[in-house]
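Following: one structure in structure tokens, then a few remarks.
As written, the chain order gives the labels A, B, C and D, with residue 1 at the start of each chain.
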């Protein structure tokens, strides 16, 4: 039988020439993402946005699980989302994200989620993360070196 | 920036020669899948198993969302799972599934979930679905033709 | 053995004299709400906020499931949240919500989530719903009568 | 406005004379529990079963979060469930659970989930937990004293 493509691998990175500054991550709306309306429940988008973030960091050389092992966490501190049109059961979605204007230890991520087929905008918004010392439970004074290095690469 | 591979597309179907009779679907353990232990919460596996099932059906020509539109549902009626070893944050997993011995309108699916890196078995088990008329809320007397045709193709 | 109090019943409505204008709903942080950090995953709050909203509507005489049966949905169109401090495994939380300044068919809900024990603020924010005709998939011109009546009661 | 009853508190423990040996926990089917069918998604039951388990342990004097802090975890190793009839959006459910026949460090829990209104059986099944040393990731040779004491109380 056929092997499906991985959930999030980077085996065949392809440049999205139409969106050079976005990181692209694709998902499908599966039954567990839907609610009684046959559309994606509004909280399901957060799981896709998180997965896109983790994979974007990986593409920049930052393995999130290693960051956690090193004692750093990147919790969400602000979430601003607008839902434009519902995503339906079985629909393929493109999650577009990019880090923008890092300010100290605050890392803002822009998002756009569009239907793969119609290119209609389903969601737009911003998520802000902050770097935290896991043991002390306190905000770090500066980003971990591995994250800082990734940002520098990203800015080049 | 790089485009990641889709969550579940069938753009580049590849035969898994080591498991010719299994359908293969890959996932990664993302933060929202984990619990306080840093490992996948036991319910997260159900989302992966469902996604693998939906994609396996698609590979057989059955689009699940269309089945639902046509008035048929395939709810889970039995779930028997054994958790062998925990899957950790950031780990890549291979979800292996196959339909086995359909009995009337009961469709059993076998599952094995293994670590991509170590090939250790994380979960094994079986899920049984049943075909239901959505409007009447009753079990169908026979499988929908599109599912029956898929099973026939599968058996060849 | 002991019977626990219901998840969301209204058996013993009690006035919260300290917060006369908030609807109060309590939850506990269970394992499935947490992530690898031992704290509530940021998306878990959305499930609590939704439950509080549904129960607040019920306390005003609006049964959400009936609204859906009548062909109306109230999807989230805007979500603005700030996470102030993490909620930990086993912690009891108070979800405070209130409808504010309904504007046509847009229904804004304010939220504050505090620790029951320490009264520390965990989350603050606003969610805006809009009334939609389920069949047509279009925004309604006016709120359903049952919702309008509830709002009138609320304003008295 | 009215204060709703807590999610899981034990403020007013009441004996369920019809089910003296079951621990009773009530939930409501909220929108985020449902799928496209307007019924509870099959994985949502696992969140309710876990909550009932945690609250049952609390009623026996075992605070789950403390157990975790002490270095013990109780992961699920076996899950055997039968879904009898779907639970619908807005429906009130009674989660019935009881520990049965602890065998070494294996702790089996029986479950029945019934509709509060109709008393129809929605789900029946069994979950087996095992006590694990969190640091070593190994199964404990014997149950933690606090769990053992709870079991002794339960058996009296």
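Operating definition for what follows: a residue touches a chain if its C-beta (ideal position, glycine included) is under 8 Å from a C-beta of that chain, and two chains touch if they have at least 3 such contacts.
The structure displayed is predicted, hence computed values, not measured ones.
Asks: Among all chains, whose Cα centre is located farthest from the one for chain C?
Replies: Most remote chain from chain C, centroid-wise, comes out as B.
Asks: A-C or C-D: which has the larger count of contacting C-beta pairs?
Replies: Higher C-beta contact count between the two pairs: C-D.
Asks: Measure off the straight-line distance from the CA centroid of chain A to the CA centroid of chain C, and report it in whole Å.
Replies: Here chain A and chain C have centroids separated by 26 Å.
Asks: How far is the middle of chain A from the middle of chain D, if each middle is the mean of its Cα atoms, in Å?
Replies: 33
Asks: Need the CA-centroid distance for the pair chain C / chain D, whole Å please.
Replies: Spacing between the chain centres: roughly 24 Å.
Asks: Among all residues of chain D, which ones touch two or more of the remaining chains?
Replies: Where chain D meets two or more other chains at a single residue, that happens at 31-32, 36-38, 43, 46-47, 50, 68, 89.
Asks: Any idea which chain D residues touch chain B in the complex?
Replies: Against chain B, the touching part of chain D is residues 36-37, 39, 42-43, 46-47, 50, 68, 73, 75-83, 86, 125, 134, 137.
Asks: Spell out the part of chain B that touches chain A in their complex, as residue ranges.
Replies: So the residues of chain B in touch with chain A come to 1-16, 20-28, 30-32, 38, 46-47, 50-52, 54-56, 59, 63-66, 68, 88-92, 98.
Asks: State the interface residues of chain A toward chain D in the complex, per the touch definition above.
Replies: 31-32, 34-38, 41, 43, 89
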